[in-house]
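The letters A, B, C and D name the chains in turn, as written, and every chain counts its residues from 1.
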């Protein structure tokens, strides 16, 4: 009984403030507005400037959730190889198997954060140029496997180094 | 807008049925209700556990065979008008359980997608979707409820 | 004849005012809880008014029950009981057949509680025994044991609650009558608010000596509050509607219009018991022909729902292990108040 | 012992407010008192062990992660640990630290979910809201680090996904949030433990004695609240660099199981601070391994609810053979089936919730064959009886 009284007195002030003055309300107004406008943004799944446009992700996706869209202006990444298209994930078909991430050469060959991730790619930690200068660190059979997936001109130009 | 539509817009009871996914979506739906940060009640949606009271059925999970009948039955118990929101990749396409099988070929345990079993009005993709996606999915079906005769 | 007409008009006015008013109370209740829980919560009209209207516009379905017609009619009985309970506490019914007495109130309350028993024994929702799950497979435990619907268990609990749970409310209800040394509501008002009986329609009779400010009155007001919580089946005393096992108890199968009816019953009880409290303990009756008096009664009867919502926000469900001692403890306080009031 | 009188059966589930997850409880009661109970956990059966048969081992973690959305990281990490220990794949120190970090973040989130669920079952809505509010901190951190609030998909063979690497800003954010959380959390715990109404529901209910805990193989917080000092983390080399205590309580009732977890969260916070303070530099993933044949290998792990086992073999092409998972909940549930006997039904539901049951991972089938019962996992069943019942 005593503890009950003590608790009531302790909580009274805070809770009266909560009831009357909406004190420490935790509801996020930002989310509220977005939901009411039906404009919650989908999460980022592809970092365009980190992608080399090789299309490996499209080929390995088991549910054909990835389509490559053409860029208006191809971007030259290394000499002799241009990025012409970038992937887009259809989340309604995606099963979040992360094949796309695991077969993306940025991760599979260089062990860096891939520009594609079905959940959320996050922000880039390095630029594409810095990554491509690094040595390749992948198991040999993985390299063999990837050779079949990615364009040979790109492969040749990084192997040449 | 008649009184009917206004009333329906202003009071919505949502029920959650979890049909055997991984718990992830399920907890995110619970989060959308029980976390003051998301607070589903501010959108005039109240949680219920009684199909007789519900208007919106939130289905998560990949519908294992033991849950097929309960799912159908619960859906049939909800009085018209009603709407269904399928939450998560499991409910939409069966997720890895259906599509990433090893040597078995076909996983016969999984009856997803949910729209094979009951009609679905809104789909929320993700594994797991964020609570704000779920909230948006529920808010999206409100017009359907309002327009129903 | 004129008396009769007056009663009729007063009753209609009372119903017209009390039903819509009671529909905003659950919204206020929910909003307060939401604020305590640090969130926005539903708009005030949502859980009451709009929910009732929405259920009214839903398509009717047949409830699953032993006797569906009887089960459905219980809602109508419930509404009628509520309305009579309320009318008995309003001034123009005080004279008729001495209904406006402690016996009239308690009788109606008992009937109301008994409804839960009937509802529980009727309803057969899908959520327990009839769920299509292979329960009685080979090797399962307890094959051949009687399988009960959760609602029937809820009905058993309702009987127990009738026996002990409602004691506090009744004891507290008797205290004002004991102080007035009479069984009639009019006498209870007379000792608190003698002005009321000879005031004209626009005056505001302020009670001179409200019972709530006396020691037994205050104690019994607290006990009355506990009884209020018990009778409304709110936490911590909602064992007969405990979500964890019996889900919602006997009201599970009500859908559409019937559920709207159930919501109306609950909301009315929220208001009526509170209004009766103001009448008996503060001495301001709900008199539709003295508007100021009526408005004050309405405003003061917000106290109970607000206190209830705060109380509910901070309490868990009690099991019978805790309910028996609590109910008996508060009844003891009530009995103590009763004894002091008699001295 | 006199013969029990069982009046009737009350069954609840698989769609029920107190369970959320699909499982069925059949209480055999005498008036309000539970005399016996049976829990059927077969509703979430997805055949995960079967799906994994013949899958390339790199993909295993993506299915095992989906065994459960509460401890996704535990399953993903443990399935990777099997092949790492079987094939002696080296994991960089930094990757190990980050794995531990994610794991402890998820452990806190899981314990807070437990509080939320337990208070919901007790009927205390406000505390449930408070628990979920506190939990948001860790869900956010998981989303920052791994990209998703539930499935961060952090471990891969040989390290972690580079997306989850910690930057200095992230480290600062984590530390700030954790400090802020600790202050609020202390208040919250004090408030709960001082609440007489809540404590009257918990104290002395659902008693599990030390002997019973051992007999029924209770694991994790369930056994540690009954006085059994057992935590797999103390045996794991991954946790060697960190200094933490194993919380053991002896009361064995529902209150003890809640307090045990409440105290364990402070130890998790300790580990998180150590990770941030001592995080070594270096690579986060070692891509220098080849998959070859591997004999049957087993890894044990302290998941949030107790000991977890994963084991499998690899064939010559690196495909998974005979995947076996044993999760903590089945054994804990068996203990709870015992512990709830003799309580009121309403309390029994709380008792079952107090081992934090979540059954998506733990379906096993008991086969009755000519009078003998045998517990089988689904791989064994397919072997013996073919694909479909």
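As a convention for this text, contacts are C-beta pairs under 8 Å (C-beta built on N, C-alpha and C of every residue); 3 or more make two chains touch, one makes a residue touch a chain.
Only a predicted model underlies this, so the values are computations on that prediction, with no experimental measurement involved.
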Longest centre-to-centre distance from subunit D, chain (CA-based): C
Interface with more contacting C-beta pairs, comparing C-D to B-C: C-D
Chain closest to the middle, measuring from C-alpha centroids that were averaged per chain: B
Chain centre separation in whole Å, for subunit D relative to subunit C (CA means): 44
Length of the line joining the C-alpha centres of subunit B and subunit C, rounded to whole Å: 34
CA centroid of subunit A to CA centroid of subunit D, Å: 27
Intercentroid distance (Cα basis), subunit C paired with subunit A, Å: 55
Contacts with 2+ other chains: residues of subunit D: 14-17, 43, 59, 62, 129, 133, 143, 148, 151, 195, 197
Junction residues of subunit A, two or more chains touched: 25-27, 32, 43, 96-97, 119
Residues within subunit B bordering two or more other chains: 36-37, 39, 42, 49, 66, 70, 74, 95-96, 100, 127, 130
Parts of subunit B lying in touch with subunit D, wherever the complex brings them together: 16-28, 30-31, 34-37, 49, 61-62, 64-67, 70, 74, 95-97, 100-104, 107-110, 127-128, 130
Subunit C-facing residues of subunit B, complex: 3-4, 6-8, 10-13, 36-37, 39, 41-42, 44, 46, 49-53, 55, 66, 69-70, 73-74, 77, 79-81
Of all residues in subunit C, those that touch subunit A in their complex: 32, 35-36, 38-40, 310, 314
Subunit B-facing residues of subunit D, complex: 14-17, 20-22, 42-48, 50-55, 59, 62-63, 66-70, 72, 113, 116, 120, 128-129, 132-133, 135-136, 139, 143, 148-151, 319-320, 358, 360, 387-388
Parts of subunit D lying in touch with subunit A, wherever the complex brings them together: 58-59, 62, 133, 143, 146-148, 151, 153, 156, 161-163, 165, 167, 191, 194-197, 283, 285, 287-291
